Structure formats: C-alpha cells, structure tokens
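Before I ask anything, let me first share the structure, which is written out below as structure tokens.
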C-alpha cells in the first residue's frame, strides 16, 4: 500500500506513520514530492486490511492507496491455472460451457420431474431448483423446504443430473448436502460470512452469487472466506446489479465475466434469468454471456410459468429453453468452446 | 393492482386473466381504452405478490402495476401513530431524539468501559459496540464474540446505558439476548430472512439497517418479516447506499428519513458514521439527519481511533463526540425536538 | 395513464381530477376499489406529459401511472419495421452487423490516414475519429477541431469509408456536415435538446449515444426530439453506465440492446471501448454485443496507443482489431447474421 | 501520480515508463517492493491528465494512481478562503445562507410577478425562473424563451430581487445576460464544455449544477473550465443523483455539501426541489441542507402548482414556502449562521 501524507503533515506525524508500518513487520519507503510526500509500504500487505485502516485514521494522513489486491487464495496471481470444480460427473471451469437449468422453485413432484427430464433432453447437464427460497415479501411462497430437497433428489436419481440448490442458513447445510451435489449461496447472502465459513468447512462445491451491489473485490473476498477454510471448489456467478432502469429486473454486468476470470482462477457463470426478470430478454443475455467467455449458465425453466409459485415472468418454457440451447451451441463454437453434454445423453 | 394488456391480446387471453383474478378471490374490472385495455383488480391484494407474478407471466399481459404497497403491518395506513420502541429506560420513536454511541468493535475491557463512560458523559443514552463483526475480508478482525458480549454487559452495568449489538447468525441470538437490550440486523443481513424470522419470534427490540442497495419497499418488507412473527419493536436505520463517488464510503440517503416516516409507523434512525467513512463528514451528516427529522442517531466513537481494530477512520474521538452532541441539541431544538437525556444523567 | 387517488380524497378533489382530464380532451373512467379509487384516462395521452404532472400536483392524488410510452415516432408500436439508416454506401439496421472503427481523436494526418487504411483492411466499413473532443479536464487535449475534420475528409477520400464524428455545439454543425457523413451526439450531450433539434433539422444521419445515467425512456425521448424535427435517420448507441465498480470505466448495459430493439424501430449499436476503459476488455464486450443482437459496433483503434493524445488505454492496436474482426465474423454467423463488408473490399 | 508496474514488467518496459515521465518534465522515483515495483512521479502533475493515460496505455503498467487532484484553480489548496460571489446586492458564500426561490418555469406576467412578490415577502433574496427549459420530452412545454426573460426582468424591477435563469446554448448567452444577474448551467449541461467556456469568458456569476451521475471530481473539473477562462464567480449546486428508488425523483447527496466545501473554495448551494420531485419532501431536505452547512438553497415555488406547466408536484405553494423560511431561520441559527435578508425587506 501507499500512504499519501497531508501537505501539512508534521515530522512527528510522519514518524508515527513510519513507526506503525515497521511495527507491522513491513518496511516504509519515503518519497518526497513537490506537492506531497508519499510512503510506500514494502512487503506483502495483502491480508493487512487492519493496518490500512489504522494508517488512514492517523493524523497527517490524507489517504492510503492499495497496490495489491486484498485477496490472495482466489487470485490468479496466487494460482495461475483455472480451477476446475467437479460436481458429480460435471466439470465447471474446463473448456466446455456448462448449462444448469431448472425451475426457480421446486413446487411439486410432477413439476420437478417433468422439468428435469425436459431440460436434460434439451441438453442441460445439471439441475437447479429452490427448496429454501429467500423472498422479498413474507407473504410470498417460501419454498417446500426439506420436502423440496427430497424431490430434487428424486429428480436427480431419475435423470442422473447433479443438483444445485440454495442454502439460506448454516443449520440447513447438513440436510441440503444430503440431497444436493452443490450448494448455492444466493446474492442476498453473499456477505453472510458465518454461512460462507460453514460452506468453506463443508468442502462441498459452492456456487457463490455476486450481490446486486457488490464490487468485484467484495465478491472475491467473499470467495476468499470459503477458500480460507480449506474449500477450493468455488464457482462465481454474475446475476445482475441494482440499477435505475426498470426494463430489466437487474442490470447484467457482462464485463464481470472477463474481469473476474483475469483476477481469479475460479470459474465464472452467468444467471441471465435473474437479471432479465422477463423471459424475452433471457436468450440475448445468455448468448452474450457465452460470447463474453462465461464458463456456464444458470437458466430458469418452468413447464408452466403462468402457474409458477415464484418468478414466473422470467422462466423459460421448455421449448424456449431447447431453442436457446441450440443457439448457445453455435455461439460457444464461435468462441472456440463447446456446450457440455451429459455423459448419458451423449451415449 | 392493475393489469395492462398487450395491444394484440386476444379475447381468450383476456378471459384467462380475468379468470385468474377471480380464482384469487378478487374482482376484475375491465377498462377499455383507445390504445390499451387495462384490468383493475378490486380487493385487498397487498399480500398477493404471487398473483402479481403469475399475471405478469401470462400471455397477452404487458405489465402489472402495483397500486397498493405490498407491506401491511409496517405501514402507516395500517397503524397511523408512530410506534415507540422501549429499550431499557430509553424510548425510540417519541418526541426526543435518541443518540446511541460507542465503538465500531468491542476490543478490550478498558476500551469499552472508557468509551461507555465518555459517551455517557457527553449525553448518549445507549451504547453500541460490535462483538460479532461482519468483515469484508476474512483476514480482518472478526470481533471478540462472546467475550465482547460480556464486556458490553459489564459496560452496561457500569453506566446503566442499554446496549445494542449486532447478531450475524440465528444461533448467536440466545447468547446475544442474554447480554444486550436490542439486537442489530446489519445492512449485509437485511435480507437474511431466516434471521429476520428468528428475531421476530424473539420479540426483542430490533435495529434493522437498510442494505446498501435496498429499495425502501424492500426495507419495509424486511421489517414486515419481523412484525409478521409478532414482534412490533422494530427501528429502521438508514446508513448509506452504494454509489459511484468515493469521497464518502456510502451515499447517505437523507430523504429516506421523511419518506420512511410517511410510509411506516416505525421509528427511523440514521448512522452517519458508516455512510461517511471518514470522521470529518460525520458531524454535518449527523446534523442533517436531525434536521430532516430522524428519531435518533448511531454514532461511532473510539478512545483511540488510530489503534482501532476496525473502521478507525470513521470513528470520532470522545471530545469530538461531545462537541457534536452540543451541536445536535441546538439542531434538535430548531426543529421542535430535543435530544434525549439519560434518566440518571438528568437527575 | 392511471390516476391513483389518496384514501381520503374528497368528492370535490375527485371531481376536480375528472374535470382536468376532460379539459385535456380525454375521458376519465373511475374504478372504485376496496382500498383505493383509480381513474383511468381513456385516449392517446402519449404526448401529454404536462397533464400527467398537473394531475400529480393536485390535492387528493396519490400518484399517476403511465400506461403508454411517452414517445411515439421512435416506438415500434408506431413503426413496426426496423429503420435502415443509410450512411454513404453503408446501411445500418439491416441484416449485416456494421463495424465502425478509428481513433478516439484525430491527432495528425499520418495517424488518421494510417489507421483508416488499417481498419479498412481489417474489415471496418466506416471510420470514426474525434475532431471536437469533450474532455473532463480543461487541461486535456481538446481535439484538432476544423483541421481534424479536414483530415477525416482526406481519410475518407483515401479509403472510401464514410465518416462519423462528434459535434459538441450547434454552431459547429455546418462545418462538420461539410466533412462528415454522420454526426455523433456524445453521451454528455444526449440531453442537449437545442443540439438535438438542430441535427433533427439538418436531416443528416445521427449516431445518438446514451448518457451514462440515462434511462432507456430518456434515451428514446432524446431520439424523439430528432425525429420530431423530421429526421428519421437516428442510430442509438449503448456505451456504458456509471456504476460503482472501477475495474471498467463504465458498466456496459448489454440488455439495452434487445430492450431498445423491442421498444423502438431504430438500429442499436454498442461502443465497447468507452465502456471498457481498458483494451483487454474490448474483445469480450464486443463479442457479447454481437451475440446479444447489436446492429453494429463502434471500436476505438490507434496505431500507437501509448502515444495517443486521449484514451490510449482503451484503444486497440490495429493487429488486435484485425483479430477481433475475425472473432466477430464467427459470432455474427452464430446468431444468423454476418459482418458487413466494404463494397470495394468485397470486390 | 504513482505508476504501479505489472509483476512481469521487463527492464525495457520499466525504462520506457521512466523515460516518458522525464519527457514530461517530471522526475520518476522507483520504489522496488516485494510484490510490485511502483514509480512515483515527482512534480506538479495536476494538469497532466494526458501523461496519465499515456502511462496507463504502456506495456508493463498495471495502473496509475492519482495522488493530486486533477483540478487546480477551484481547489482549496490553491485558494484557502471561500470565494464570495456577488450577484446584485446578494453575496453567496459569506456567513449568511442565501435562499433563491421562484417557479420552475416563467409562465405568464401575472404568475412571475405574483410569485416574485410572495417569495420576497417570505424572505427570499433572489428570484429563479426558467425561460429556456430543457425538457425530457419534445412534447412538453419548452419555456417562454425571450418573452420569459423579459418577464423575469420586469419581476426584478418590481421587487429588486436579482434573477438567476438557465442558459441552454451559447447563442442564448447574450440575451440572457441582458435580463439576468446570474446564469444557471443545468445538470444536463454540466459537461457541455463549449457552454462552460462561454460563460467563463462572459465573466458573469454562474450557478453550476452537478449532473445526476457526475462525480465530485467531474463537477469540480467542470467548474475549472469556467475559472480557467478567467471567471472566478462560480457557485456549485447539488440537486440529486440518479438512483434506484423511486420515492424521490433524484437522490440528494447531502454529503456533497461538506465534501465540496473541503475540496474547493467555491460556495455550495442545494436544490431540494429537483431532488424531491414531490413538494412534501422539500422541507426536510431543505432543513438538512442548511444543517449540513450549505451556503444557500434554490427552492421552487408556484402560486398554483396544479396549473404549473412544468414540475407542479415539486413546487411549494407560497404559504408553504413562508413556513419553510421560518424553519430555515431556526436551523441556520442552530448551526451558527443566519438566513440572508433582503436589504430592502430588512429596513
């Protein structure tokens, strides 16, 4: 980091700054300019956020500039090759684009079995579906909870598709892991650090969604919580930011795909459904994501969106999803990749 | 709600919409315009979010407009008089402006006892202090946890000041409530609905902070979760939004104060410290909050910010806080209120 | 539009609302609900913004909801087929994806001639280059002005590529149109309505960039200014929004492409260079734009970005641009389109 | 500025960076760290934005960090004492809080004369009113233009109140200055640099409104354009930012008041009416602005808002304005200031 001193910083204040840097086991390097004096901090200060705020709180300090990224285990500087996260027989982060599909919520046995078979037929290699649902209103459908997990498990057995589902609370983690192959940390829980630590300790594959107002640095630090507990199997997911235009539900940050892939070795998925809010925008956003280099997609599909208990407007019908898969295969090929196919379906 | 049909909506599609409204126990009212047909929904649909998304997902529907607010128990339409939340001997939501002060984190016995006495001497009537800390980086100080709660309790006994502290996880709730008078749901957890339900069931006073990208409607729906579990003692708190300028840490939404007070009967506090990020901006933001009508403030104070283990740059020194209290008394008086004084101190 | 009355609206207030609607030549239609009374306004009120604000200012009115879009000439409802804008021998808005390339600023005769030839060789069909530059700082290079226009003209003659360049002020319009084939209204001037009217009257092809905090509705209303003066040749361009993450310069709103194409019959381009801010993010954003259905791209290319007088970091080198063109041809093909080729080059 | 080199920057690349710094007449100072090498630039580089982007475009450079603010003439570092801007007999930037009031638009002789007398009676010391109106829709009332200026002039003569009115285009500047005492650059034109230069050359008092997505740095650089042309009489005005919640029209950035006052010596006003969008939020925002230290306010007042040709919902009625003035006097006193009184009215 670099400490910029105020123009009227006294020698005593400057010395206190240097002293504090030395106390932290780092070496200060003073550079006396015409307009400002700056103090470079020599050493690996990536994990020394506390030193940064202490320095910033000192008299005579104008501001402190980070030079190094404050995350370490997730950074590509730390690990140059892209992590491949295995989920059942699926590999996320390899050359193939992984499409995960399924309903917003698990609503019934018929619904989840039907949609699982339909997304599999269309080419999805993993099944998604919410059992514990974080809903903005307490009066909305809150998910089938454990019953939903059991139905997901049944759909998994019927199709062979690995399952990802959201966990809202650390106390649900055990039961979720009995039924699911991968746990999702939703956007609203991206900074639920106790939950992040728990999934870190569980060492299960984790799908970590970026919060709607989270910087990329905050997103990577959330992933760092998981890795720092010993779990390397984290997949990042961009699903749209809060913005001011209401034609879509969230504003998909397509640039997050290449930027995260440059900063980190973790795979990056895109959820075009949450961002779109309306099914008509899902196909162009999905195509854009693959063209930008996303390692996969999370797409909401429902057999009867008009009867969906949550987020009907943004869920594709199975035939629309099949058409989208066709388009995605062409786009993936255009950017030198291919869409992953299910080992069984591929036979 | 009002359903706006697409220009080319067929009679069958329109009939299906009317039918769906009737199925929900509500009455459709068709209004045939020159350019669009709209269908008004007659009845109390405030808690029927699911109907809204189902209608929006139907063929022939252009969009659905909410007429009524989707929250009920927290709305001023439901309860016209402002809720007064009692916390120990303090009343939040009455004519007096309540100032809560203390360090960002509890760091040691000496620190919390010293700062508790100093903020009390300056006029604060409640003590704040973090024991479980949600930190962006896993490498930052994470709080003293249970030891921090015990120290807060000791500070409470030493001063008589009721204590508010953050809870990060439902499993911590019991122990927090053994030591604290009010629990804080932090901005990062505003949409942690399992936690909201638990504090709702605990029926303890709750300080609910608005998330940095939460709409006012989402904030009120978060509070609705708590009230719908039978706990009426919720205090809202604006602490700044994510924005694009980096001179402050967050962008304080001062208009949230009068708007929330109009929409809801719950008291509204402001946390100028989190928004400011630097102590020099805390006094003007604090004065503005009182002038805008806030029912109270949450101010971070540390005896030695340069040694603070978290957020030193935004914490006031005790003498700065005493000066601010002096200013706040004048502003409160100017808007026809007064700053609450501690019963003991007032003797 | 629909007028939602306050719960305690008096009969006199309601009658005044109905009267005001009738005065405007429209028909009110009252719908009495359980919780609210709403008044539908029957008739074409798209251009009656003034009536809307007057109604909203009346006692007894809670709010007014727009049902119809406030723009008309630019809407796809008004004109179903996509407008094709001819610029010299190029057609924007047809089946082919149009790539416009060139430097941020015209800097010298050698620079512009060299880059014009290189982007032409790589497959661009139009040349861009700034002569009048809107710069954030008064101390930055402000463009070669008229000399820049003459150099652009020379490059056009040398290559046959039609030229687009920005106009900052109505008084420059004549001279710009003597040298350029299309004028650009930059993002900072999107709501410079006197300038919009002037280019409307000039009836020249116009490239209208969306402002960094403009809603899509505001963007379309800006275009409506131009069309309402009799100029149908407007091309919209998304170039990124202001946001809170600083890894890119602006946040490219990729969803604006399909949404604008649905709302309006005007062609939609994307400028990935302005959004990216760094050249390494330009190729993924450009590919995403074509995959999302953009009608073309505006790409900054400079023969020596390290010596560029403006925005060097985001300008591609010619060989990088040639590689990008190769990628774009594949993506365009994957989505059923092709990249436009220059008539001369195609021979 | 400080140049952070990439981890694998070659000696040749580093030398090229140093060379480029020397060419610009500045001195490089290399600091070799463990993880990164950084190059400090010694000298006054505030106006060398071009050098910054050139360095950032060079191979081997990771990023460039600004140490000094890129503006100079407007900075408090350059001029420590606050500028007092004289407008007729009013002084903006002195100890008194200046309240400017009047209608959004000048609509008729009767309207402007009536409202001018009413705001004067309530204590406003300057009159505002739009003659050239920037309207989002081409179908909205665009102002009385020159006739509006003449009516403003008449109101000024009738009351003695100095007048501020907006200028949209450099060609209107002469006629505006014949009738007005101060010209307003509206938020939409904050980065209309040709207009900024022209009002800079005109050396008239200028009210410069911050754009709805402008950073404080961009706002100050816009003011720098005016000062750099020799006009020191610039007053800044915060009027709200674009944000995601729709309860107010814009999000008032109250922290902009103290931050701008710290960064710059120019006076800072607040326009609560534009930010509020509804008259009921104007008083709390106005009080907050004065409590935060604003040097004045711009308040919209209309004798009959329900008949206003623009922005009726946000305009106060004269009696509401008189009540607000009463409140503002109390708040100003509480923060050690007073509300300016008209020399005539004060007799």
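Labels for the chains are A, B, C and D, by order of writing; each one numbers its residues from 1.
FYI, a residue touches a chain if its C-beta (ideal position, glycine included) is under 8 Å from a C-beta of that chain, and two chains touch if they have at least 3 such contacts.
Because the structure is a prediction, the values reported are computed rather than measured.
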item	value
Reference chain C; chain at largest CA-centroid distance	B
Interface with more contacting C-beta pairs, comparing B-C to B-D	B-D
Averaged-CA centre spacing for the pair chain B and chain A, given as whole angstrom	27
Cα-centroid distance, chain B relative to chain D, in whole angstrom	31
Whole-Å gap separating chain B and chain C, where each centre is the average of the chain's CA atoms	39
Contacts with two or more other chains, residues of chain D listed in rising order	46, 213, 241-244
Chain-level touch network, classified as line, ring, star, complete or other	complete
Of chain C, residues touching chain D in the complex	20, 46-50, 53-54, 56-59, 70-71, 134-141, 168-171, 188-189, 191-195, 211-213, 218, 221, 224-225, 228, 241-242, 305-313, 315
Residue ranges of chain C in contact with chain A within the complex	213, 215-216, 241, 243-245, 247-248, 251-255, 257-259, 262-263, 275-276, 280-281, 284-285, 287-293, 327, 330-331, 333-335
Chain A - residues contacting chain D, complex	2, 4, 7, 29, 31-36, 38, 40-44, 46, 65, 67-68, 77, 242-244
